[in-house]
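Structure record follows, encoded as structure tokens.
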Amino acid sequence: MMTSRELIQLFNDTRTHTEHICSFLETEDYVVQPVVDVSPPKWHLGHTTWFFEEFVLKNNAPDYQIYDERYAYVFNSYYESAGDKVVRSDRGNLSRPTVSDVYSYRKHVTDALLKYLKKENPSEKILEVIELGCHHEKQHQELLLTDIKYIFGNNPLHPVYSEDFEENPIQDFPQEWLEVKEGVYEIGHNKSKDFCYDNELGFHKIYLHSYQISNKLVTNKEYLEFMADGGYLQVLLWHAEAWDWINLHEIRSPFYWHKVEGEWQQYTLKGLKPLNPDAPVTHLSYYEAFAYAQWKGMRLPTEFEWEVAQKNFEWGSRWEWTESAYSPYPFYTKEPGALGEYNGKFMVNQKVLRGGSVATARNHTRYTYRNFFHPHLRWQFTGLRLAK
Amino acid sequence: MMTSRELIQLFNDTRTHTEHICSFLETEDYVVQPVVDVSPPKWHLGHTTWFFEEFVLKNNAPDYQIYDERYAYVFNSYYESAGDKVVRSDRGNLSRPTVSDVYSYRKHVTDALLKYLKKENPSEKILEVIELGCHHEKQHQELLLTDIKYIFGNNPLHPVYSEDFEENPIQDFPQEWLEVKEGVYEIGHNKSKDFCYDNELGFHKIYLHSYQISNKLVTNKEYLEFMADGGYLQVLLWHAEAWDWINLHEIRSPFYWHKVEGEWQQYTLKGLKPLNPDAPVTHLSYYEAFAYAQWKGMRLPTEFEWEVAQKNFEWGSRWEWTESAYSPYPFYTKEPGALGEYNGKFMVNQKVLRGGSVATARNHTRYTYRNFFHPHLRWQFTGLRLAK
Amino acid sequence: MMTSRELIQLFNDTRTHTEHICSFLETEDYVVQPVVDVSPPKWHLGHTTWFFEEFVLKNNAPDYQIYDERYAYVFNSYYESAGDKVVRSDRGNLSRPTVSDVYSYRKHVTDALLKYLKKENPSEKILEVIELGCHHEKQHQELLLTDIKYIFGNNPLHPVYSEDFEENPIQDFPQEWLEVKEGVYEIGHNKSKDFCYDNELGFHKIYLHSYQISNKLVTNKEYLEFMADGGYLQVLLWHAEAWDWINLHEIRSPFYWHKVEGEWQQYTLKGLKPLNPDAPVTHLSYYEAFAYAQWKGMRLPTEFEWEVAQKNFEWGSRWEWTESAYSPYPFYTKEPGALGEYNGKFMVNQKVLRGGSVATARNHTRYTYRNFFHPHLRWQFTGLRLAK
Amino acid sequence: MMTSRELIQLFNDTRTHTEHICSFLETEDYVVQPVVDVSPPKWHLGHTTWFFEEFVLKNNAPDYQIYDERYAYVFNSYYESAGDKVVRSDRGNLSRPTVSDVYSYRKHVTDALLKYLKKENPSEKILEVIELGCHHEKQHQELLLTDIKYIFGNNPLHPVYSEDFEENPIQDFPQEWLEVKEGVYEIGHNKSKDFCYDNELGFHKIYLHSYQISNKLVTNKEYLEFMADGGYLQVLLWHAEAWDWINLHEIRSPFYWHKVEGEWQQYTLKGLKPLNPDAPVTHLSYYEAFAYAQWKGMRLPTEFEWEVAQKNFEWGSRWEWTESAYSPYPFYTKEPGALGEYNGKFMVNQKVLRGGSVATARNHTRYTYRNFFHPHLRWQFTGLRLAK
């Protein structure tokens, strides 16, 4: 467990960084929700604040005044047991509270939590919830970046977020196959002093047959070969539901790709740019990652194969789709109460992604981290690594 | 036809008044589109501006510089023959252009049009298009008010638009039945000097059997009697599709009514207020207006009955649903080209409303004016008057 | 009013003819419902039977035994006030009662009604309901033919219904324009001894400006010219909602037309046949009829123009779309109770069709008859006649 | 591999048994498709026949005459690479081919295949496809029973399929917990002489931590306790998507349960019967099975835990939901060509079920058999067994 002093530092850094991410926005950019999976930036600002108010301050901080009773309704996300909430698809329909109101709300809660941390002597249990709240906010920092990318990338004017945000780091080394021997391996987080989510527990054994895994992510150039070979038109490469999905939505390339006068361009947070063939391919669905692997005569690794091999390759620029469905580990137990809704209730019909991305907050990911999304989603910085 | 000087006055007043309506808004309020029928206020500001740029300046004003080529795509509404456009349901997904950009666009076009009107000698045909553009903008002034009401009225914080906007004027006189004799009557606009829309032409004869029409609109108090008698539960009062619709959407009262601690309240542009029993009922669908009339053993007037009798009663606070479907008058012809899309292409599956409302722009309505909406829509200031 | 003897004759003929229409079917053909507007033939057989049981026998015939209490639930169509019913879209999901059961049910009710008519002395009111029931069944005879055509015409095997059913009679005379003078005309059914529906009452006056109307229906050859000129691609010819509809459904020709090896064929009740250029075009929506008229620089007649002129032209092979919305006549009143649901509750968002079709039962239509359908529907034998 | 003689026996038995299942139906029962997951019985009869025609006879049997070229379009299910096909939701819209035609088609193919098997000397590869075709038809035998149950169970008349079909065998012994020790285990089918599907291959090792598994299925009585405790109303027991799903569809009990005058009844293939408290609960979704286990403070076994323990308990009356997502085994490879579509393309977003049910064909299931369905489906004879 962190010391109170470390926690104050973490809390301060986290709150400040969230606001730094938003400092590049115009007021209007905070408001819109162009698709249900994307939330308005002001909602992220309010929701991460509500988390501390609801789960820490409300019932623990002496004399804490709730900023506005109605905000719980506006800023609850999915905690069914914490009361009613705005329907998710309505988040972008709310012009009020204004951005300025939301920043006031943030300040009110930030100040109150710091005062509480400094003046009172919170129990270990509460310190843990505050630490969870910081990691929760770091997750929303990543969502802020990917949601802003969606908001800008689907605007016909293609605005620039920041000229300094580099989302396409090159893996400048030769591709090799790393071999892993058959045997019993240990998986998961050995709950020590360091923070982890409940879905990384408990530490347990699995059996792996021998396999090979690539030291590099698949690049745009490689993915273009798949496209050139008619990969999107070969039914036998695709899952049944994937085939229906790509045809219904006429998907023929990764998300954010635009063919402009015969050349592929990619919308990035720096604006519309020529596609870099050497960058790792990104913004594809699990379906597309799977079809690409099929086309190569290979496969995606399981999350266990990834975790066992990861110390031998670089990772962190793309969330890597794995073949593993998101399921509970053998000794998994949920927290009691609303915080038990954090992870467990999503453990069906989703795929595990491992690693991290250019948008992931600093110190937020780790090799046991289990991210998860529905197989058709593409707005995160997803990518893939082959196994065989 | 107006003189050029009168037209400059009209144009200036119209442009200024649109911006006055928006002066009560926060930046965030300009952006959202909570339902497809409602457009974001900044879209109205841009669209009414695009109208002058597209149909007047672009092809007529010497040296006119288009403000931004991409705005035509953003601000076209339904003129299919004027090029591609943002899908209507996406208007609220666009954070850019910003509100400030849109005001700059307005100023650019306002200035250019004034310069064009003052310096050049526009043909009568072009003056007519400019006059049409002013009336078009007045229509959007009404939509701005009703769309703002929707945006605020569906926000859980129920913001106030303006304490000065009185939307519930009382008809403070006794109810009487006005008698009209059987015979041939003349209907429509006798295209003289004054402006009218093409759908009010041409002047023609119709035959009416004798009828009676009320001098008053139906009030909240009267509508509450219908509700108290289970009007929403009596199937025989409703059209087949109306019955399905009220049950699907669980409609049991007019729009914007809220039962708070046993008392009816109404969201108004002044905020949430106790329902005034003497005010004319408003925000109901044609279906509800029809069912109410059935329940009274009476009926709605046709648009012809309304037009013939109107000089004998007060009107203008509510758009009054009529029994008439929106169809072309006998001598109706469409303008050639895109402006022909203004009215004619909506002449199916809509109902005519007559009169005007508390939100209608000054000098915009007249006794031949034919407004039209789909029978289920309720976000306009609609009301009803009985006939028998 | 008919004599009891005439009514027995009418009843017997009607019941027998319904079964004759079905005599060309296989058992399987009685069961399916390929689209919600089409009902399974066995449902029509049962529903027309239930009508007599529900509205005549149940409450009037002494000692009448209800055949099966559960059938009311299965065979009620839209009489909300007559109890619960199978959801319309579920009619094709019911394999039971079997066809054989339904014929037994028919026999039970037919016999009971004849016995009741012969032995008792029904009041005039009840005789009227029985007469209405016969006309109701005649309407379903037409629906049986059009629904069977839909069932067969949308089956990839394109079965033949009957080699003897001629649906394309030629109008073998030159096209002429009939002139009608301006003035006051009388419209509607002068409720005498003859049967009519409530929507044809009451007899009333209207005013018509002078107009011309064609003595012929538009032919396939003429419609092909519209298609060849890109009629389906010219946005200015179409209503706004029509344009969306034809593009969503990729409609580029009338229903039942198939281009087979470069030649137009038409599915008919005789099977797939080469399109006859001289036959009146059929199976088109109001939207298409309207767009064709626009393209010709003409218009559709109103239902009043049609009624006033009809004695000077042949009609009866196609239901002719008119420009008139389906609205109540000035003196219209609904029956009390469930039978009041027969016509009135559909008087919104539908268009009036006049005339009759090759599928209309003998002695069923008349020049005051007001048929009505939603403007997008095409499975009836619809057609059009121009006016100007 | 089977001998040719054994295969003839298997083929004959399978074809005959399919027709026996249908021998209890009326013609009408063969035709309907009340929901997209359920196919009309005549479609099953035709599809299982088409399988042999398409994958065996067409390209291998000398002089084989295709029965009707158009049937491939009608009876293909999901083999995208084998040509176009009727959209799945349209299967119930086809009255033709008639039931009698389909039986003729069956006879034509059965006879041709027997002739081919007896006269020619098919390669081992082809014999394997024929064996696969028999197992394929056995799968459809189970679907026939569950689809017939759906067709009858959702008909308001609740017809009886057969008084002899016992679907509720009692497990008449005490509940015990079977212990399994931690260690490495072998999983999957050791492809020997016996038939298995490709998804059961290859034989491989997994690691299990120690666990306990029940020797009995959960009973109706036990499930009623969950319901009585408000299990369907406690949000923390449910997956997020499950919670939305049960509320959208107002699911408050297993499928086919009806509360009749205060008592629970269950529709069975014998008709509507009082619920037997001692029978294993059935017709529930994975979501409900999971929520029940949560409520007990336990969990569902993984498919590996089930497979390792299965020799110590009885199974076969219910398909048992497991916690395992349907994923490829380590050495899984797809067949080349259309038969490769048999299993692999469904390996996403589905859950594995183990065991077999009262409707499973004789000799069809085995302890390595991996059945799979989407987590919300309830029309199969599903059930659950607890682990901890």
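By written order: A, B, C and D. Residues from 1 in each chain.
Note that in this section a contact is a pair of C-beta atoms (placed from the backbone, for glycine too) under 8 Å apart; a residue touches a chain by one contact, two chains touch by 3 or more.
None of these values were measured; they are calculated from a predicted model.
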{"item": "If a chain touches chain A and chain B alike, it appears here", "value": "none"}
{"item": "Most remote chain, CA-based centroid, reference being chain A", "value": "C"}
{"item": "Centroid distance [mean C-alpha coordinates] between chain D and chain C, Å", "value": "45"}
{"item": "Chain A and chain D, separation of their C-alpha mean positions in angstrom", "value": "37"}
{"item": "Distance between chain centroids, defined by C-alpha means - chain B, chain D (Å)", "value": "58"}
{"item": "Multi-chain contact sites of chain C, meaning residues that touch two or more partners", "value": "none"}
{"item": "Interchain contacts, given as pairs of chains that touch", "value": "A-B, A-D, B-C, C-D"}
{"item": "Parts of chain C lying in touch with chain B, wherever the complex brings them together", "value": "78, 80-81, 184, 204-207, 209, 235-236, 238-243, 286-287, 290, 299, 323-325, 327-328, 330-331, 334, 337, 340-341, 345-349, 351, 375"}
{"item": "In the complex with chain D, residue positions of chain C that touch it", "value": "26-35, 42, 70, 73-74, 86, 90, 92-99, 151-152, 154-157, 159"}
